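Both of the next two complexes hold chain A, though its partner changes from chain B to chain C.
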Partner chain A sequence: MWTLIKREIDDSRAFFITGAAYTISIIVFVISNVYSGGLSSKSMSGWPILPMLVWAMVLFSGMGAKQMYMDKTRRISCFLSTLAVTRSAIFTARVITGVLLIVMTLLPVTAAWIIILKVVMPPIPLYQAMFVAGVRTVLLLSLASYSLGLLTGWAPGRVVPVLGGTTLALILIPLVILKGSGMETAVILVLVTAVSLIRSRQHFISTPL
Partner chain B sequence: MNTLRSYLVHVVTVGVIVTLLLSLVLYWARFACKSVLGGITPLANRRAQVQPCGLLPLSLETQPAVVVPSRVMVDVHPEETVPLNEHTDLWLIGVQPLEDEKRLYTYFDPAIGKIVQCKIYQEEDEDGESNGLWINEPQLFVGPEGISVIDSDETGRFVEPRAVFDGKEDLIILDTKLRRLFRVNLAARQVVEAPAESLAEMGAPVAAGRISKNPNLLSMQWTPPLREATEQERRTRQDEIVPGNFIPAVPLSINAGEYVLVLDNAGRLHKLNRQTLQWAGQTGYLPTAPEFAMSRDEMARPYDLPAWIAVSVSFDPNNTYLGALVATLSPDGTGATVAVFDADGEMVASDMTMATRVRRRFERENGPRVRDLSDAEADTGYGKQLPGGSGARAGGPLDDDTVARARTINTYFEMPGGPALTGLRYLLENLQPPVFSVASYFTAPYISPEKGQRNLLLLPHSFAGSLGRKYQEDRFQRLAVLAMTMSPSLLIAAVLTMAVRRQARTIGLSDRSIKYWTAAILTFGLPAFLTWRFTRPTHTLVTCANCGRGRRPDMEKCHHCGSAWEVPELLAPAWRVFDDHAASSGASVPSTVSTSLQVAEEQPKDDNPQAQTTDAQPSA
Partner chain C sequence: MSDIAIEVRDLVKYYGGRCVLDGVSLQVRRGCIYGLLGRNGIGKTTLIRILLGQEPASRGRTFVLGTESMQLDARTRGRIGYVAEGHHLLQHYRVGHLVRLCRRLSCQWNQPFFDKLNETFRLPMERRVRELSTGMRAQLNLALAMAIDPEVLILDDPTLGLDTVARWQFLALAIDVIQRDGRTILFSSHILSDVERIADRIGILAGGKLVVDCSLEELKRRICKVQIIFAESPPDDLPLTGIIRQQRSGTEVIITVANWDAAKRAVVEAFRPQHVAEIPMTLEDLFIECTNPVRMPTAV
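For the complex of A and B:
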């Protein structure tokens, strides 16, 4: 499994580099704002939070779609299946790699947000609860976007694998605008992630060699 | 069995994703329709107002100096949505600025179950600049059993408190779970609890002190009688000056009289003595606001309304309670009502949003709701005389006929583009799964309007939901109304079902599968149809030799005509090829022809049974 994960990371290094660039750009943006105009809740209200979120979801859904599309076109799993590896193990390694990308991208950003909020927001339970709910929602949204990418990446043709996951992720993002970061949103996102992963796995392991 | 289970998982997973994503798309499409409708609705149709409000004696409203009589006005804001985070209202009670950029935060801490008052500020370094570190100095911990300067178990725990400031030092705290009401003086560290017999006079309290819910959806403006401000007043009483250089002619105040208002779960307003929290009587109720499809002049429950405001009006010199001003927003957020209740709780005036033609007719028959009282008719024939004959003649409550015609559908249908947008919204609602439309119809009265406005599947504010709230008595009437409301949805489902059945038969799905798909599409409508399109089995069909239609190659018999496969039997042909040259070596063939083909003509004609069978295949 470890070998498979390393191989998946190696195959998706472009996405890991993009994720790192995304994280660094956000942190640089925050630092530049701090030095240019100070950090306050008023100045933070003008930050482009939604575009940041959209780009992150495009990255994660693209990662999922790429993993499946490349496998389909290069028949990687067909080759690996001739060795002592099952498709189920390949799929698990793939998902672990995707989760790794999400965590590696979001963790530094979350840490930066925690530092910012500690500076800007007064230490009262309301803001802490709102922050925890926000982080939970972004994490679940990222997982859902990645899962939708996996789901569409195995589809036939070229347009659906390339654009399908991103389109579905972009349809899903307004859910957060509509329902906020409460438990209802969390349940919906968990449901989308679960059914997408189940269907992707089923499709992946049942495809003939 | 594995194949069947796999297909089932395929269908269910795709179905869930399609249903959720389609619901999201439909929600935003409906939202766009609603926003455009709200945007093109003129302000006059979104406003309800009463002038004079009817609480003051006529002598005060018609003083020579008074330029503008008292007025209460409510505006609906259809462009606004219900706020997302409920914690904001519940947990953060107030922020007061102190000296040196320090702030006094009052908030509920759910971890310890207390209302905490803290002095919070950022630490400064030697240069006097903030170093980014917050200092939190707790001042008070308020529990139901008392106040302390440290977090102590002796002061008890709140469960779900709704606290509002009543003045600078006083808090009105209502714990809806504990069903206890308190008045807390933070300066004197005193806690006064409402006696049990006071709370027994009302239903379960919903709000106390500042009676307001979602003020961004519904705003209320109230002005006392105004006169022109003098030059000196402009300098000395700047905070009282209203636009136009007017100043209140009568010292009135809101929410500051001798009583505290409490709203119970039935929609009744009660007044409690501000100091002792003793019950002092009922003082009004939440009136129903006009909805899209109906309008009923009845008392509304707070749970049913997305927004409401109630304020008490008192006469300043001796804080005499004059009455209450109450405004409500309809469950679907399209119409509003404003009502004025006198000190005895009797409605003395009311108005609601209505279409222009409905308003014109009403004002032709009853006079306008807004009067400047500058002429003699102010004292004649305008509305009802207040009890005792001392009050100004107010507009009085609306008559039943006007209330019945004040449905907001009339407003939408008189605007250009209104009918088209309304029709489009209705069509979009009918693209929802029929099962959810049925559920919306029956569950609409039980879903809170705030949550309903953001629902994806159950739509209590849809046409079906609105009618579900209206028709609740007669069971057969309910079903008939439901069938009529859902008829486009059912029609769409029927058309989609026919299409799926035709396609399923073409590709040779079993009768059982066709039945399941039929049931699914009749239940879930468009999402089920899209699921079918994404998950239907794909087979390359071959032409049936019997019926000529496409048949599946993996089935024994044609699923159209039932004929089996005709496998050609490989029999030796009736003709032979002879090699004359080779034969000549046997010396039995004439030597005149070197090589020739000779067909064995002597074989009987029925030697090829396959060909004959094919020709004789019954057309049945």
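For the complex of A and C:
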């Protein structure tokens, strides 16, 4: 399994580099804001949260779509399945790699947020609960975007694999804006992720290679 | 452990409403080199892909090493070597990288054997796979398939794109592999002389059916081309069963007939021909006779 994951990481190097650049740029942005204008809830409300979120969704859905689309065009599974590997293992390794990208991108950002919020916000449980809900929503949104990328990446043609995942992922953002980051949103995102993953796996395993 | 390495049971495959394989059944015993022949687009690659679980069957079942194709687990897959038609390797990988990947993903990797193959083929480890010629890709694919010490080696037109020397090297290697105890090879090829050289059993696909499934010697014994010359015009119809093909030219009739024996010869002799002679047939002749679309349907 490790070899398959390593192979997936190798093939998606560009996404990991972009993810790292994204993380670094956010952290640099936050630090520079802290040093230039000080830190307060008021100044933070002006931060470009939405573009940050959109970039992350595009990155994660793009990763999923790219993994499946490249597999199809380069016939990667067709070759790998002739070795001591099952298609199920290929898919699992792929998803683990995707989750790894999400964690590696979001974890430093989340850590940075935690530090900043500890400095800025008073230790009121309500704020902490809001922060946890926010992180949970971003994480689930990322997983949903990635899963939608996987789902559309295996579709025939070129337009749907390239643009489908990102479009669907971006549709999820208004949902989060409208419904907030409560449990309802979490349930919807979990369902979207689960359904996309199950369908992608079933499609990937049953399609002739 | 079963004596059967590959089994196909009443396999049917439809492609867009067209029946490509129509009730094909065959068994390949362990240690056998099975040559699968057939014209282009007749379903050889489809049959192989179904065997490997890359394609579902419309009906029927296929087994490799006792496991149903669609349920092949990683361990069983690791005992099967496969060279695909067109050599679908990871084109964007460097050769060395691909070799390392295959080594890590194999259940057993015979490094000395791979080194020996590499010495023969002189694979450029630093070049990308897509930069290799077709012949080199074929050699790389063969080397990767053979280095895992497969119990079953499935080769789909493996010598396609190889020059004569490389083809002969490949055939020598195939014989080397088969000489290891219990190794089985199923291979399809258009180069009949290759098949004739190494296969000990032949299957010929025609019209979606396996019209021939026997040893080469048996095939040569069973199908016979007979030249019959009559003094006057030949009879309109020779009352023989198993006529695959019949050509007439003046007083001469040439028939290709299945299961030619003394009884059939006696039937021909009853028409008092001037001359009856059996014409020796090569595998190529036999293949043409068996796959000719105008032939009369006769299972051999």
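General remarks:
The rule is simple: the second predicted complex is superposed on the first by the 209 of 209 C-alpha atoms of A that agree within 3 Å, B and C clash if a C-alpha of one lies under 4 Å from a C-alpha of the other, contacts with A are read in each partner's own complex, and residues count from 1 in each chain.
Definition applied: contacts are C-beta pairs under 8 Å (C-beta built on N, C-alpha and C of every residue); 3 or more make two chains touch, one makes a residue touch a chain.
What you see is a predicted model, and the numbers here were worked out from it, not measured in a lab.
When the shared chain is aligned, chain B comes close enough to touch A:179, but chain C does not.
In the superposed pair of complexes, A:1 makes contact with neither chain B nor chain C.
In the overlay built on the shared chain, the residue A:50 is in contact with neither chain B nor chain C.
Contacts of A:192 after superposition on the shared chain: chain B is touched, whereas chain C is not.
In the superposition on chain A, A:24 contacts neither chain B nor chain C.
In the superposition on chain A, contact of A:118 is made with chain B only, not with chain C. Residue contacts after overlaying the shared chain place A:206 against chain B and chain C alike.
In the superposed model, A:80 makes contact with chain C only, not with chain B. When the two complexes are overlaid on their common chain A, residue A:14 makes contact with neither chain B nor chain C. Within the superposed three-chain arrangement, the count of touched residues of chain A is higher for B, of the candidates chain B and chain C. According to the touch criterion, the shared surface of chain A, contacted by chain B in one complex and chain C in the other, consists of residues 206. Within the complex, the chain C residues that touch chain A are 49, 52-56, 72-75, 77-78, 80, 82, 84, 88-92, 101-102, 104-107, 145, 148.
Looking at the complex, you find that chain A touches chain B at residues 39, 118-119, 122-126, 129-130, 148, 151, 168, 171-172, 174-175, 178-182, 188, 191-192, 195-196, 198-199, 202-203, 206. In the complex of the two chains, the chain A residues touching chain C come out as 3-4, 7, 74-76, 78-86, 89, 206, 208-209. The residues of chain B lying in touch with chain A in their complex are 6, 9-10, 12-14, 16-17, 20-21, 24-25, 27-28, 84-85, 87-88, 91-92, 103, 105, 107-111, 118, 120, 132, 134, 136, 454, 456.
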